[in-house]
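Chain naming follows the written order as A, B, C, D, E and F, and within any one chain the residues start at number 1.
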Amino acid sequence: MWNWSGASHLTWLNGLAMLIGTVIVLLLALGVVTYTIYAQRKILGWMQGRIGPNRLGPFGLMQTIADILKLLIKEDIIPEKADRSLFLLAPILAFVPSFMVLSVIPFSRTHVFTANISIGLLFYIALSAITIHGVMLGGWASNNKYALIGGMRSAAQMLSYEVPLGMSVLGVALMAGSLNLNTIVMSQHTGWWNIVPQFLGFCIFLVASTAELNRTPFDLPEAESELIAGYHIEYSGFRMAFFMLTEYVYLFAMAALCATLFLGGWSGPFLPGWLWFAIKVFAFIFFQFWIQNTMPRIRADHLMSFSWKVLLPLSLFNIVLTAVFKTIV
Amino acid sequence: MALTDEAQSIRTEEMILNVGPQHPSTHGVFRLVVKISGETIIEAEPVIGYLHRGTEKLAEDLQYTQIIPYTDRLDYVSAMINNYALCHTVERALDLEIPERAEYLRIITMELQRVASHLLAVGSYLLDLGAMSPFLYVFQERERIVQMFNELCGARLTYNYMRVGGVKWDAPPGWIDQVRDFIPFMRKKLKMYDDLITGNEIFLSRVRGIGVFNTETALAYGLSGINLRSTGFDWDLRKKKPYSIYNRFDFEVPLGKNGDCFDRYILHMQEMEQSLRIVEQAVEQFPSSGPVLGKVPKMVRVPAGEYYSGIEGTRGELGFYIVSEGKDKPYRMKIRKPSFVNLQLLPELLKGQSMANLIAILGAVDIVLGEVDA
Amino acid sequence: MAAYAWIIPLLPLVGYIFLLLLGKKAPEGFVAGVSTILVLIGLGLSLGVFSSLAGTDGAVTYTWKWLSIGSHNIDVGFQVTHLNALMLVVVSLVSTLVFLFSLGYMHKDERFSVFYQYLNLFVFSMLALVISPNLLQMYIFWEMVGLCSYLLVGFWYFKPEAALAAKKSFIVTRIGDVGLFIAIILLFASTGSFDFNTIFQAAASGKIALGFISGSGLITLTAILAFIGAVGKSAQFPLHVWLPDAMEGPTPVSALIHAATMVAAGVYLVARLYPLFELSQPALTVVAWIGGVTALLASLMALTQRDIKRVIAYSTVSQLGYMMMALGVGGYVYGVFHLMTHAFFKALLFLAAGSIIHAIDTQDLFDMGGLRKKMPITFWTFLAGALALSGIVPFAGFWSKDDILTATLKSGHPVLYLFGLIAAFCTAFYIFRVFFLTFAGKPRDEKRYEHAHEGSWVMTLPLIVLAVLATIAGFFNSPLNGNALEKYLLRDAGDAVVAGIPTTSPAYLLGHTYPANVGLMALSVAVGLAGIGLAAWRYANKNREITVPTGEGNFLYMLSYRKFYLDEIYYAIVVAPGKVLAKISDFVDRYIIDGIVVVVSRLVYVIGLGLKYTQTGQLQTYGAATMLGLFVILAIALFRQGGVF
Amino acid sequence: MPTLSIPPQSLLTLGVILFCLGLFGALTRRNIIIVLVCVELMLNAANINLVAFSRLGASPNLDGQVFALFTITVAAAEIAVGLALLLAFFRLRQSSEVKDMNQNKL
Amino acid sequence: MHFFASFTGSMTAFLIISVLIILCAIMLLSFRKVIYMALAIGGVFIGCAAVYILLGASFIGIAQVLIYAGAITILIMFAIMLTNHEAQEPPTKWSVKNIIIALGCALLGVALYLAIRHQTWSAQGTTVNQSSTVSNPVAIGMALFQQYTIPFELVSLLLIVGLVGAVILAQPRKEDEE
Amino acid sequence: MFGFIKGLGVTLSQLPRKKVTLQYPEVMPEWPERFRGVHRFIPELCIVCNQCARICPTSCISLSGTRDENRKQRIDTYDINFDICILCDLCTEVCPTESILMSDTFELANYDRDSLYLDMHWLYDNQLKYERAHPDRVTAGSDLQESAAKEEDV
């Protein structure tokens, strides 16, 4: 298919191809999200001795689609006291970067829909920071105390976990000597997967990404037993769906990033690259659900001190270790 | 820089937050008006009564037998024990003799009820702390207990099983064997919960050293049950003022040390173990035959006077206080509701805590709103 | 093997970090065990390094580029020479034993783990200092050694004397460090490198000059400046005052400071820079005389001290003086040899003293007595140490001290030789004074005597090991052994080879060696025996009542007891004039300068009265004014450039 | 990399416009946060110039980009300290207006 | 035709981006609600990042997004929410002072613009520095750690000082707590 | 340390376990014999003694009867207000003829309150339904029925 890593001029043809690629990736992401939610409900159910959705379609496969449809046709309620324009803007602000980060993920060996940019890793981290605006403004604009606290907590959490996250992936960047995700995958294709030499970094990444995704045990911003639903408490209908979509697209993106950085991306024996990639992504996602099933929620102050006092020093240590390792070897 | 007092006094921004009545982790309909400064609770005021049904007042117009179904609805997760508490008081007043078989059935059902109630307490506590699975797991075990009760008395929650002078039904055939099978199964499950919950660092970090109070405070507030025992004070009515046939069984009263939320959690787990021990012994000693209802006058008339007796409920001392004029209905009935008493400490406990600890503390104090509001 | 020498200092560092992470509550046995085992591994490695260098010629250097500033590169790395290897062995051996000993000595101390952290850091710094390949790196660890000794001397900081002593040791050594620092900067400025070999090479080939200072002058200057650093660190006269005060620290620390780490650093510095010193006769002379004077003065001071640790401390100063003297008269090997033997018997003496203090909980000699029966192991080991210190055949001290004395006389310094001989006499006297007062006679404090007892094996085992070493270590370089150490060290031609000095040059060999002289040996042994005899007559004589000396009216006694009034002299010549100067300055400042200022200020005040209305405190008004000013400047600039408008 | 057809003048003009807007804001707004924000705007204007010169200057080299990086870093430190000061100030005076920050005058 | 030829893709993109930036900046000055202003500055930051990327400085561009848009804007919003989060800016009063300031700004701008106009610019920048073999982040890394080591270290020091300073400044003082 | 790994093992071990969910509308729960669902009523047995109405704690039962030609009480109306009935089983306990009994019907959801006001016919239909569903259980009841019939005969 089309591979534009060599094409640098923006022509009409390129533009059209880009547009088509975007739509395809969007559809892909939506499909993945739909069935991630389905998988979440199924896995959660199975681990809790339940069946999970099984009504709509064979094995309940259409359940999520029905849910999304329901959300889409619901009334779009805007609280009277809310800040109207920001309330409307926030979900979009949250969603757009979540989708944009997918553009740098190398899904397969012939990265068809992937921008081959030299700072892909940084691109991901930088863009994912923008989502926080959406979350925070959503919480603020709702004019609700729970939403405000949820939004602030969320912002504080994502901001402080972005630091160890960024630090932990730097170890990988050091190993590969590049910030280009394709180069990173290639470097693992020939050698060890980074999970082996970068095990510490991988652990930090796992924890930090869980926090970054606001998933259990770091799901404080939307802790239903404390803040009810956090920043999106006042949202309903398709704006709510947007927030949910953001959350799950990020789950997918983070899984993809994890697979790319630590699990060798699309590389692997026998099977085609895209399948390997899918397997690794699913492994990460499954792990998230598994954790979600086991862990209680961590406390807000512990959350912060954990990030700054444990993860950050550890990730710095990891960088130093990697640097020393790279210098010696 | 010199500060004026005025500048200091207006420094912090206080906020009033309504936790409940529709908040998901208030165990019913319970409202907590919390004044917070930043994340620190300055003042917490429980607002109760959303579930008030006037049980005590209703009782004044009901015969003693008729009151029993109402007690089911007090602490709706331990109805058997509530049933018993009322019957026990009336029996004491009448000085009735209870048949052996009935006593054993009562003990078995009450202790199983204690296990079921504690399971739910632990499960919902973990749910409050954000862990979903334990809540669903405990329901599986509880379901077995509830099924057994269902077979015994035909209801899953509101048993209406005890009667003045005995119990309503004899155990159906094979029921005792079911109970016997249940014990090793439950023990295995308790081990599983230990693995799942007790070692979890996040859980520990949320409950260790949180919501601490000492024995003096507990006694001053009239606390009882696990809340009192968690401070290390050995007080269990089953031991201290044995009622029914508890003195026939060999069991221990687990005690806490620090009086924190962790102690309260672990005491729930340990008490389940002890309850299983009692059930095990009761099943062994279970008389093969005999009546289950003693000789009771057709119309129960409590002689004039005032009566009180308390038993060890799941959440503390559950007592019924009856003033009788010698009629078939009490002149006045007052229930000592352990949840209600335990709740009184909550504002004190929450003062100065962070918001995040609110749920942990509230959950560990373990109230049931049906009982608080009555 | 030498390539792995970098692991040796790393081990205590690992220990330090590990203990730091473990926290203060860690169990004592575990803390001490981990530290001791790590250092023990280091000892094994050191021995390996030491033996692997035997018979080889050169220094082994490994460096990595660290920073490049302009055209200069700063390297980090490590270098193993014969001298380093010897030092590594000595330091890690003594540290191992001290670590073990501390487990008993510091038992149940509140900050036990912290103590071990500091010890580990201390040992790490010293080991890293030893293998530093360049002056900068060495200076870093030099300062870290100072810092650690500060922390350890002041370990019991809640005692005001300890805090004061720690401060004193830190400040006094800092005076010396300034000299060293200037020397390093001068060397870097003149040779463009911190590297030892590069510097030696430049110095030997005369390619060293800086501005108006000539090459040889610069060498002398830097050598003396570096020696000032050594004076501070090794407690040489006149900067020796901190060392006896440093006795306020826990005794294992004293043992470590005196035997292996802190004070040895100074001697090591001179030895390390010896090729530089050798190029300057004046510098060597200074070193020799300072050493000699220190040896004599300190031994005199030690005669009358009442605190057991202080006596040993002055003895250290005195012995360090010997080493410096040896280095100064060209007896490079003897100085280093004495450093080694001294490390063993001084560590032994200190640990034995620690054992005594631990047992009877006092440091006053006149509260002791008769401990021989209660503490037999301490008794025998102390005796071995004392004999070694007194220079009695065949103990370790004899061989090294005698070599030094021989070298001093043979190199043509009869006065210094006399100094040394007197010092040797005094040494024998004072150490046996301690010995007899402690172990012989009757207990002078029954209550303390009652509960005196030998320490556990962790305390006695180091004593025994050190006693054995103090007895036999001297044979390492005795003529009986064919002067093995001499050969070992002097095969170390690496520095000289790198320095490009022809092998025929006298500087090729570090210092000079002299054959043993039986006559001189006999003389020094006789002097030592005389000292012992006098001590025995005075303190072990059953007929003489031992009273606490008051020193009333006895000028000589007081002179010695009050340390030649050096502290007072310092006070008088440094502190008091400073105060006077301060008073004068105060007066000038208060009345003359302030007067002028007041007049000016009044003037300004009057102007300010008018101007204050422009100061609204409004940030943005200021900003606006700045902006307008900027615009005006820009406009003028553009206008002057022309063509814009 | 293909040559760019953006004239440096237009980049610099963009910088000038942003700078002047920022300056105006910094000098007229009342809320301290907004003043800080406007200062950031001015810093960004300067950064545009730096990057522009790094690409299109007389001797293009990376120095401009490196300096821009430093500016960004310094700006981050500035905003962190500035906002901390602001919070302390707010606690003290319950105000976030510049005109109340006049304690340095006599 | 000649005119359009000069309007290449990059020029078009630049024009669009700069119009957006200026629009955001003007919005920043004209909004009333403080939180809107914070949002507007976020737009300016992202626009500037786009300009950087357009100029080939992709690393700086992404760093700009990461630090300015990701961290600084969030910090500003935090500060707004922690202080007076409903704060509103009163409409600009055209007092004498403000008029002077506006005038001064305009004059300064004009002066600078004239200076720019007047300057003759050398030939277009070539690709001397950005050799195609080394990507932008690598080149910047090299420059940072070889040429600018000491400034880099100093900046890191500055950041630490900033961090510590911010923590100390923002934490409630002990005596206040009592 | 790492106690949570044990927990992870527990949750994972639950994954392949048999699920406990009851597919409710398709699969109905099996209720035990003593289950207290909605009442069933056998009018023939009722002797209109009113005990059930008296014992009812919530007073949800109202009934009326007339004497028939044999001077025996015959039930005319028998209504239970399930709006307030708490299914406490006391009415069946006191019923001397076991004409009021509990069935295993438990679905009472309805759109209006009036439909919770159930009369004799509904309750009798419920009895017939119960008999059909549990032919093995009603023997005791039919015995009584027979004996009652005998009494009637006498």
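We take it that a residue touches a chain if its C-beta (ideal position, glycine included) is under 8 Å from a C-beta of that chain, and two chains touch if they have at least 3 such contacts.
Everything numeric here is computed off the predicted structure, so don't read it as measured data.
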| item | value |
| --- | --- |
| Labels of chains that are neighbours to subunit A and to subunit C | E |
| Identity of the chain that, by mean CA position, is farthest from subunit F | C |
| Centre-to-centre distance between subunit F and subunit A (centres being mean Cα positions), rounded to whole Å | 54 |
| Distance from subunit B to subunit A - Cα centre to Cα centre, in angstrom | 43 |
| Approximate Å spacing (C-alpha centroids) for the pair subunit A, subunit D | 32 |
| Euclidean distance of C-alpha centroids - subunit B vs subunit C, Å | 72 |
| Residue list for subunit A, restricted to those that touch at least two other chains | 47-50, 293-295 |
| Where subunit E touches two or more other chains at once, by residue number | 59, 63, 71, 78, 101, 105, 108, 112, 176 |
| Interface hub residues of subunit B, defined as touching at least two other chains | 11, 133, 137, 140, 196, 200, 202 |
| Residue ranges of subunit B touching subunit F (in the complex, touch as defined) | 62-63, 65-70, 72-73, 133, 137, 140, 143, 150-155, 158, 160, 168-169, 172, 192, 195-202, 204 |
| Complex contacts: residues of subunit C adjacent to subunit E | 67, 69, 620-621, 624, 627-628, 630-631, 634-635, 638, 643-645 |
| Complex contacts: residues of subunit D adjacent to subunit C | 23, 26-28, 35, 98-99, 101-106 |
| List of subunit A residues in touch with subunit E within their complex | 9-10, 83, 86, 117-119, 122-123, 125-127, 129-130, 132-133, 136-137, 140, 148, 152, 155-156, 159, 162, 178-180 |
| Subunit E residues within the subunit D interface of the complex | 6, 8, 10-11, 14, 18, 21-22, 25-26, 28-29, 34, 37-38, 41, 44-45, 48, 51-52, 54-57, 59-60, 63-64, 67-68, 71-72, 75-76, 78-80, 82-84, 87, 89-90, 92, 98, 101-102, 105-106, 108-109, 112-113, 116-117, 121-122, 124-130, 132, 139-140, 143-144, 147-148, 151, 155, 158-159, 161-163, 165-170, 172, 176 |
